[in-house]
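As structure tokens, here come the structures.
In the two complexes that follow, subunit A is the common piece, with subunit B as its partner first and subunit C second.
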Partner chain A sequence: MMASLTHATTTVAQTVSLFDGVDGFVLPVILKLAFVLAVFFVLPLVGGYLEHKVMGRMQHRRGPVEAGPFGSLQLVADGIKFIQKEDLIPSAADRWVFAVAPGIALVPAMLVFLVIPFGPGVFALDFELGLFYALAATSVSVLGVLMGGWASANKFSLIGGLRAGAQLIAYELPLIIAAITVAVQAGTLSLVGIVESQATFQLFGTGINVWFVFPQIVGFAIFFVAAMAELSRPPFDMPIGDSELVFGYMTEYTGIKYAMYMLTEYAGMISMSALMVVLYLGGWQLLPGVPLPGCEAGGGLFDCSPLGIALGVAITIAKIMALVFVMVWARVAYPRLREDQLQRISWLVLVPLSLANLAVVTILKVVF
Partner chain B sequence: MTGHDVIFVLIGLLTASAAILTVTSKNLVHAALFLAVTLAGIAGVFLTLAADFLALVQLLVYVGAVAVLFLFGLMLTRAPIGREALDNQNRGLAIAVSGGLFVLLSTLIIGAVSSGALGETSVAEVTGPRIEDIGIATFAEWVLPFEVLSMLLLAALIGAIVLARPESGESGEEAEVTRIEMGDAPASEGPQPLPDGSAPELTSGKRSEGSS
Partner chain C sequence: MAATSPPGTGLLKGLGVTVKHLFRRPSTLMYPYERDDLAPRTRGVIALMDENCTVCMLCARECPDWCIYIESHKETVPPAKEGGRARTRNVLDRFAIDFSLCMYCGICVEVCPFDALWWSPEFEYSEYNMESLLHEMEKLREWADTVPAPPPLDDGAQPPAEVADAIEKAEKERELAEAKAAEEAQAKEQGADAGGAAPAAAKADEPKVEAGQIDQETYDQLIAEGKSERMARSKAKAAYVKKEKARLKAEAETVGDDGGAEQAAAPKPAEVHVEAGQIDQETYDQLIAEGKTERMARAKAKAAYVKKEKARLRAEAEGADATASEEAAATDESAAAADQEPSDDRAQTSDDAPAQETRKLGDVQVEGAGEIDQEVFDQLIAEGKSERIARSKAKAAWVKKRKQEQLDQEGDA
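The block that comes next holds the complex of A and B.
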């Protein structure tokens, strides 16, 4: 029995990160850190700009137009403004906890980008436990929110923090179960391995090569909804519901600390979208079963020419931005839920559905 | 000492000092936050011992869930907002219990190591087990303890829910409650049972059949 179990394991991607191609020990580490930081600071800005513009167009206005070409530097200008603002700490607040809280929320959001593959070889780390690592890192962010809500010494902040805590606990469960289902399907927890397994995955019993979104459309929907709720994005933004709680746990925050919370949210949008692209949408593949030009190994996924690498990264980022667009669309289209509706959706709809999805996929995986 | 050892010692010191601060800090919320630091530090210790999976489980379960639940419970019930202190009065008892546990555990560990009960320890490159091996060991060899543990947790979960439900009296019969269904108007304050124990007259909201 043991022997048959051991043989059933699939092989994980053997590709190494581009940054490991450089000689030495220090240089690859510096390159990887620079890559993670660049992704962390640039992509959320692009996502934020997209949100400004899309929301503007959907509400029959133009969005930012003044700063830079087509208003594209608006968020940079906002960032400079935040740095210039006075950094206020309420006199009743718990100074240290208040000051540290935004950082506690921000750092895990940054650490997630360590394992996310953006293209063939374009990732800092192919961790055997990549998916698990990403989920564990995101689960820590909620501490920063709870700390900020409590330390502000403000009732609205406290209630906002509590709501955020309850919401993140409730939606973490369906999120993780949906992600586990993909790991069961792929037979690996490595994010690069999951992308690779989608290149060769065939729909149960047929010869058609598809991405995991097709057999797991339910899981994808659960993951998408749970991800939006994890990020407290509208229509799941009860923790900062401005008509009830002023601005929730961020009420007392100004200047750079407020900007850190905002950056956490936008970085979370990017990292959650990137996870969805990797888990369900085939990573840097253009279409299911179509190899990238210039790529040799792994069904046209690896050993790429510079053109193939650039194309792969462009495809990944395009998919990420498409998902960000849908998130913004949902924000514009739907009103905010009520707190009890929010909890009800998670515990009575998403959790049972994700468990059923896991059971079905596991059975199908064993049968075929 | 190699660089690995230095990092191990630093993380150990951080963890130990956070643990001491957890029990000495006068503010309950600070204590819970230091507990989170301690638990994260233990994850770091696991990481330096090449137990990646264990470190991530520690982070996800203890920091991401247990510490968060502690904080959540504190804030929901009795945490003073801001800088006020809320201190436990059982300091002497706590010192006695924790001191006794410390002596017991260190005696056991030192005894086990010095008597060679742990076997010959060889100094080698530290490598963690592969995640596949952990999975196969859990679900093939140790599946019975695993299932027993999950049943225990399930029982604890159900017990907690039963204890926390205010509407179930000693007789086991439930008072009528108003549940807010999706789309209904929010109830301002759930109707409390009347003093004589009967359900209040409901004017709005759907009457649920009080599912178990």
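The block that comes next holds the complex of A and C.
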């Protein structure tokens, strides 16, 4: 085990971001910031458009059709509308906290994209603790939700915020345990390293190269469910449960602040899907054991030609959108759970299951 | 039944249902680009046929929102007959519906006893300011052009009394025309010298008269008798056509100076005037025996009575003088009836060409009321009408054209 761990860390240290290929200090930083911002503002809109369209078609509607080609600019139009709207703050609200809360929810959602690799070299940072950082950053968002719920001076907002807090505590645990299981398997916390280790990973006792989703299908399911719950996506959207709580912690928010909360949710969908792609679905690998064209090193994943890079990014984004599609699919298919059912599923099913999964994977890792 | 399916089957089933629907055709109608054929009784906008309105105020009083505004004044109508009594009637000055208040309950349409208010399926009349939603009489009249024809009767349903009567009348007319044709043929055979003039005279018998105007006298009289405005208007139109035709014929004949003049002048309408109201018991019994409704039987029996009485009176007046053209008598009789016997009205309606034609148009069913007549549309637009009005009118024109075509085809066949 130790041998494999050290092996993994040594290879990871060699991977560098494309943006570091530019000379100087300031320019790479600017490029990285631009990359993160571009990803943060574009991909959630693509995911949102996908959700609109898929939800519409599943309900025999067409979804947006007017704004832009096939309605693709609908969310941009919505954004412009939100900016124009009056920014209301309830008179009883804690003004400062109320105003800051959406930002506190938004910024961590943006920061997650710092470490997520979208292709060979297409990432801003390759942290040694990339996975840890990503999970920590996503957890901060709920602070903004709690603050918004508390500062609104509205009982629905407060209950919504507290529900969101309870939901985060309940589902953070299985999520992290599932992620730890992957880290144990890969022998590294670096997200790039995890992708690389999947290129060389062989199923226990056999010579077949597979992604982590195959040995850890249970872990993947746990991560997926927990991610949906953490993002309070339907059917786990009790914090904003319209039928009971008006709109939960967002009840009092209007205009751009409301848009920030919504953007947080959609960015969370993208970042969680991206994490799942990296942890379980082989990152920018097309198929297990198939090297990307134009890529030389690391099992056909690194040192790529421009074509290979573009292909890798396209594959990653396609995988992310496929996962977003499944999230939307579940949203359309299932009714919202009750608050107590939500807690039961986490504490009585997901947490024991993820612990068992961790134990099994660890044992297998040691044995083989 | 115990649930035997393994856990999670339900979840997968749910996903299966939604994914199955993902690949179905969306049921969206791309509205501004596609338009649905709305049901004829759609509550789109309320149309006013102001000529039917008697200012009874029922609609305004029943309106739960009080959104109907009516203003009127009284006018005195001169007596219809010599020595009669002058009557007053209400003349509508203003009729407005405030669609910013209207809740589309349709009570006004239901309650209108004279069919002055109608539902039209047009709904695209939103405005940028609220005041524009107050539709005055002219606008409400324009909506009336968009009122669709009533839906066709069910299979095997009895035709409405007026339609049945009109059909009967038309058949009688045809028989008369056939008899006349036979007579003419006979006359041709007999008189060789008159042969040249007869066809020309026959041509002059059918002068073309532009329909559309109304005979004010008939109209006033019918109104005074309490008929609905719409009916009075259509009959007055018919009477106008008839009178015009008679006048033109008379002119032609005085110019032509031939013997036809005494023929036309001979039977005065007053001579064969019959008091309506009684019924012909024989006809009545027969119709009842045939299973007609009591109402229809009575109406027809009344008509039969009038007809019989007239025939009898004429026979008395003219004695054995059978030379008077039967055709002329029949025409004059019906003209007289149209003028003076409104109780017989339903049968008489079919006597005049325009009324019969519109009725027939109403009989024809045309598929697809959504298309528009481009020519009419362009013309109306050129006249400065709003696009909406132009479209709805062009739609109506299209339907009318199709119907006319269909009628012509039937006529050819």
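Criterion: the second predicted complex is superposed on the first by the 356 of 368 C-alpha atoms of A that agree within 3 Å, B and C clash if a C-alpha of one lies under 4 Å from a C-alpha of the other, contacts with A are read in each partner's own complex, and residues count from 1 in each chain.
Basically, contacts are C-beta pairs under 8 Å (C-beta built on N, C-alpha and C of every residue); 3 or more make two chains touch, one makes a residue touch a chain.
In this text, all values refer to a predicted model and were calculated from it rather than measured experimentally.
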Quiz item: When the two structures are laid over each other on subunit A, do subunit B and subunit C clash or fit?
Solution: fit
Practice problem: Using the touch definition from the top, say if A:333 reaches subunit B (first), subunit C (second), both or neither. | Solution: second
Self-check item: Spatial angle subunit C-subunit A-subunit B, Cα centroids [nearest 10 degrees]
Solution: 120
Quiz item: Counting only touches as set out at the top, which of subunit B and subunit C does A:169 meet: first, second, both, neither?
Solution: first
Quiz prompt | Partner touching more residues of subunit A, whether subunit B or subunit C | solution = B
Exercise. Using the touch definition from the top, say if A:56 reaches subunit B (first), subunit C (second), both or neither.
Key: second
Quiz prompt | Where subunit B and subunit C come nearest after superposition, their Cα distance in Å | solution = 13
Quiz item: Which part of subunit A faces subunit B closely enough to touch in the complex?
Solution: 1-2, 5-6, 9, 92-94, 97, 127-129, 132-133, 135-137, 139-140, 142-143, 146-147, 149-151, 153-155, 158, 161-162, 165-166, 168-169, 172, 189, 338, 340-341, 344
Exercise. Under the touch definition given earlier, write down the residues of subunit A that touch subunit C in their complex.
Key: 54, 56-62, 65, 329-330, 332-334
Quiz prompt | Of subunit C, residues touching subunit A in the complex | solution = 11, 14-15, 17-19, 21-28, 30
Quiz item: Where on subunit B is subunit A touching in the complex?
Solution: 27, 29-30, 33, 36, 40, 52-53, 56-57, 59-60, 63-65, 67-69, 71-72, 75-76, 79, 81-83, 130-132, 136, 140, 180, 182, 186
